[in-house]
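Below you'll find the structures, each written out as structure tokens.
The same chain A turns up in both complexes below, where it pairs with chain B and then with chain C.
For the complex of A and B:
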């Protein structure tokens, strides 16, 4: 490490991940909108033969938005913010720079292969873990490289204290590493069934209930360590930096961090309520899910209180709007989740549309809002240009907020209607409705959800356009903005 | 398990406040790391104990 006055932060890796976040975000959300429309209008399943069916596109949608958009957003913000809070430039170590670029190259290969293989129907058939074993191995390499870059930067840092965002990024790295390995233990059927099997098709090493438990230990903690932990890390950096206000209580941020770490790992079994897993384990999943409200709200309230005395910025700066609403949606979805995890509520909610409703107020309102706000904040610093259009950011905000509200309200109504109809019995104890009765009743809500998808993806296209124009033709800045991001 | 976690939680809260009161740490100062994040700005770096005069003031 050398001390050099001319040294600057190097954003080359952060920029690469910004490009993929925009690309995968648009593709993933477009597919999501199509499959939402397919549920309302089934004839849309036949647009592209086998490649356009709901069953083929649904896992592609979740994988592209999780591993394409969100993970790109996490890496982009990490390679940007980690340098700044550690006060060390990537340019100071050729090795770390090489590792970062190699990680991106392998990530791009893996993400592209994920899209192609899933479109071809090659899948492990495990939710959020559809990628087959060769891709799993590649992802392990990518993850290890991220760890090398992360701990390499930490090793040469000038700022000896690790800022709270770094703790969250470290937790994301460790949590995913552990859970991913356990859940993806699989054997290609070629080795177990000889000529009947395939080298490209594997089955889990676990079976029955154990497989379900490991699957949802991963599945729920993918939500924890991909959709929550790194996104909290982002807001702890970007909201204070954009507003110029230090985090309201640093002690509360530490307490919430350790609370989240201790509690989240135990909550996964709430996905298996009323199933064949042991009853005590179901109860444990419920209890820890409810306890989870505390550390989640600890961070969210800390963020809202960070704006204390500066609420005028909410009307003046659209990026603050995005982040404050993201924090609010985080509170909403971390209250809604524990409510759904209560066994009696889950008896109605399980397998209904209330569940995707819950997921989407979290991912659209919290995760995507935070990533887009983070990338908007980074753009003037990375490209040394002001944000192309403030009006476009404002319009995008309102269009996407409307979309999220339409999405979750329609799914709340649809889900509860569905749950009640499935359980309704007549005076003799016979079921009152067949499945198709629920489908008929739910059609308007599915149509509203498809409309919400159209609005959200339109907002994302505006975001992409604004970012591309910022990169290419916006007014150049003579110096880096300290806090508020400049926009035309 | 739940009792253990509750005890740990309260112990940690007490630990955070006591270490600040004793002058061993200044956690709130760490919040400035995000604001003052230029490459050439002075690190906040409060993992080290506070200067002696601060410790005495806090007693």
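For the complex of A and C:
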């Protein structure tokens, strides 16, 4: 069965998801920039009538960047990398190819329906789980199809041992499946009321504090299994491939993977500190959040040490820059999170802009950097052309890095300022500030954050332009590059 | 062991699943029965209030407003008694939010009036100078979906044993019979409002979203507790 002839991999599904990652990335970040600007300049709320208010657009922003951009990026890199680490081509099985394409078609329908329903305000109002039950069912089908494709490819693989990236893709598949199912348990009211009202409406199976627990068990671990696990899987594949270096330590990979799997789920209750959730759960969430530094830093350090002795590549290859900075931001974000999960710090940080600040140093600096670097690495191999412009990649890198720094520094200051003002009392013990004082004081920071958004989305437009040019008009390559991606 | 697992995808997947499912079993399950009990004297939301809660969800107020008062003096001074688990027993979904761009609303019914909300939803800066909240004028025109709210009441009564009266039951006829009660409640709210279009609509049997929303906001706080006998 083994043959020495080079395998011809089939990237048709990976290409489709690359297109949607670019499209949804741009749209989602554009909406993000608009809502950031709305907080600084409220007149911008009235551009699109009732569909343009901050409140209506905010979940649209999060959903388009999570389920549009990030999930497309995950599927694109999966359909690219899984074939290569398993040493099997999608073209070898008509069935798996069909499943992959069907999954993409349904994904596109679900993503479009998501955008439409959220603009209309049809929502479960659970963060990152806004979609109503018919869409949830469609997503279950999409997810199962992904599982069929994944385990189908694994079933016909030639390389018997699963590479580290596959561990993370499998974990992403299982983790999201479990969490998504339980959090979205709901009863559609139409069927239980004798056909009354809207067919889209449902009520949650859980109430109050229970609903909060299940929701943040999901909310936190959606970050784990969408923004962390598959992205770590990506860097384990793309950094060694781009740099030509072997992964620094297998043992560290093991420790980080199993550590992350075991610890991450416990930390969900740190979103509910000082709430009506029992104290012991809050404490568990705090403690495990701090323990979480170990596996998170384990992966990041493993990646940085992979570059040992080859740091000159950092100056020569902008894709290495993206990936090294991504791991650095991952370290920053996974240190910041546990700090915020300490109960006394959380008392100040919770409900303030420090939280979106924390989220964005992770998603802008780590998730998006890694996905863009991955897609850049894939482009010359999928389209058999060199990357259109190295200068553009370099410029994009610096513009976006500046944007991330502006974003999180302004939100740190804003968050801590607000948290301190809420609790400030005068010499007689009376509250010093009315609520609106703590809003107006944030104006300059909101303006800086909006500027950061403009810079970041500009960088993303440069990425999109560079990718499109690479696909269509860049110089053709006669053979597949070994390691470093060629760029003009 | 790990080398062995890495060559056996099935056992690998089972291993991962056990490791990740473990935390949920231990952390979430034990509290379930305890936390869903209502505090004494708490009544469920009326159908109009449920319709208002849908408006709250539709325009996604949780993007900026929390409904969770933490047990700190600075918070109880600002918003009132800290929140208790049993107060949320009828909240499906929970609407605690995670960001306070605006103030907490868990007891807003105790210190704001229908009149204040009407002004605020029409033009927030008219009552809070410097506010960055958008105006929600479309809520004065859009009609609230009372039938879906009624369907929700029927559902939570039958599926989750929420204590509604016998007049909340499935079917079109039951809804038509119940509807006048909802309209009567809406009329009471509209009587305290000044917007003419809203008053006309309610008089004609159509309830604009803002009326339902105000009913819901007024219910956040002490008014949902029945007086002690």
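The rule is short, and it goes like this: the second predicted complex is superposed on the first by the 474 of 488 C-alpha atoms of A that agree within 3 Å, B and C clash if a C-alpha of one lies under 4 Å from a C-alpha of the other, contacts with A are read in each partner's own complex, and residues count from 1 in each chain.
Note that in this section a contact is a pair of C-beta atoms (placed from the backbone, for glycine too) under 8 Å apart; a residue touches a chain by one contact, two chains touch by 3 or more.
Treat the numbers as computed from the prediction; the structure is a model and nothing was measured.
Trainee: Both complexes share chain A, so when I overlay them there, do chain B and chain C fit or clash?
Mentor: fit
Trainee: To the nearest 10 degrees, what angle do the lines from the C-alpha centre of chain A to those of chain B and chain C enclose?
Mentor: 130
Trainee: Touching A:262, do we find chain B (first), chain C (second), both, or neither?
Mentor: After superposition on chain A, A:262 lies in contact with both partners, chain B and chain C.
Trainee: Compare chain B and chain C by how many residues of chain A each one touches, and report the one with more.
Mentor: Of chain B and chain C, C contacts more residues of chain A.
Trainee: With both complexes superposed on chain A, which partner does A:190 reach: first (chain B), second (chain C), both or neither?
Mentor: Once the two structures are laid over each other on A, A:190 reaches chain C alone.
Trainee: Once the structures are superposed on A, label A:8 by its partner contacts, choosing first (chain B), second (chain C), both or neither.
Mentor: In the superposition, A:8 touches chain B alone.
Trainee: Kindly classify A:308 by the partners it touches after superposition: chain B alone (first), chain C alone (second), both, or neither?
Mentor: neither
Trainee: For A:236, decide between first (touching chain B), second (touching chain C), both and neither.
Mentor: first
Trainee: Which partner does A:94 reach: the first (chain B), the second (chain C), both, or neither?
Mentor: A:94 contacts neither chain B nor chain C.
Trainee: Using the superposition on chain A described above, determine whether A:254 touches chain B (first), chain C (second), both, or neither.
Mentor: Both: A:254 reaches chain B and chain C.
Trainee: Just checking: does A:160 make contact with chain B only, chain C only, both, or neither of them? Give me first, second, both or neither.
Mentor: After superposing on A, A:160 lies in contact with both chain B and chain C.
Trainee: Once the two complexes are aligned on their shared chain, state how close chain B comes to chain C by Cα atoms, in whole Å.
Mentor: 6
Trainee: Take the contacts of chain A with chain B and those with chain C, and give the residues found in both.
Mentor: Shared contact residues on chain A: 160-161, 254, 258, 262.
Trainee: In their shared complex, at which residues does chain A touch chain B?
Mentor: Chain A residues touching chain B: 5, 7-9, 84-85, 87-89, 158-161, 163-165, 236-237, 240-241, 244, 246-247, 249-251, 254-255, 258-259, 262-263, 287, 483.
Trainee: If you look only at chain C, which of its residues touch chain A in the complex?
Mentor: Those in contact with chain A are residues 2-3, 6-7, 9, 12-13, 16-17, 19-24, 27-28, 31-32, 35-36, 54, 56-64, 66, 68, 70-72, 74-75, 77-78, 83-103, 128-136, 138, 142, 145, 147-152, 154-156, 158-160, 170-172, 174-175.
Trainee: What residues of chain A sit close enough to touch chain C in their complex?
Mentor: It is residues 38-39, 42, 45-46, 49-50, 53-56, 58-59, 121-127, 151, 154, 160-162, 167, 170-171, 174-175, 178, 182, 187, 189-190, 192-198, 201, 203-204, 206-215, 217, 254, 258, 261-262, 264-266, 268-269, 271, 274-278, 281, 284, 347, 350-353, 355-356, 422-425, 430-431, 435-436, 439-440 of chain A that touch chain C.
Trainee: Spell out the part of chain B that touches chain A in their complex, as residue ranges.
Mentor: 2, 5, 8-9, 12-13, 16-17, 20, 27-35, 37-41, 43-48
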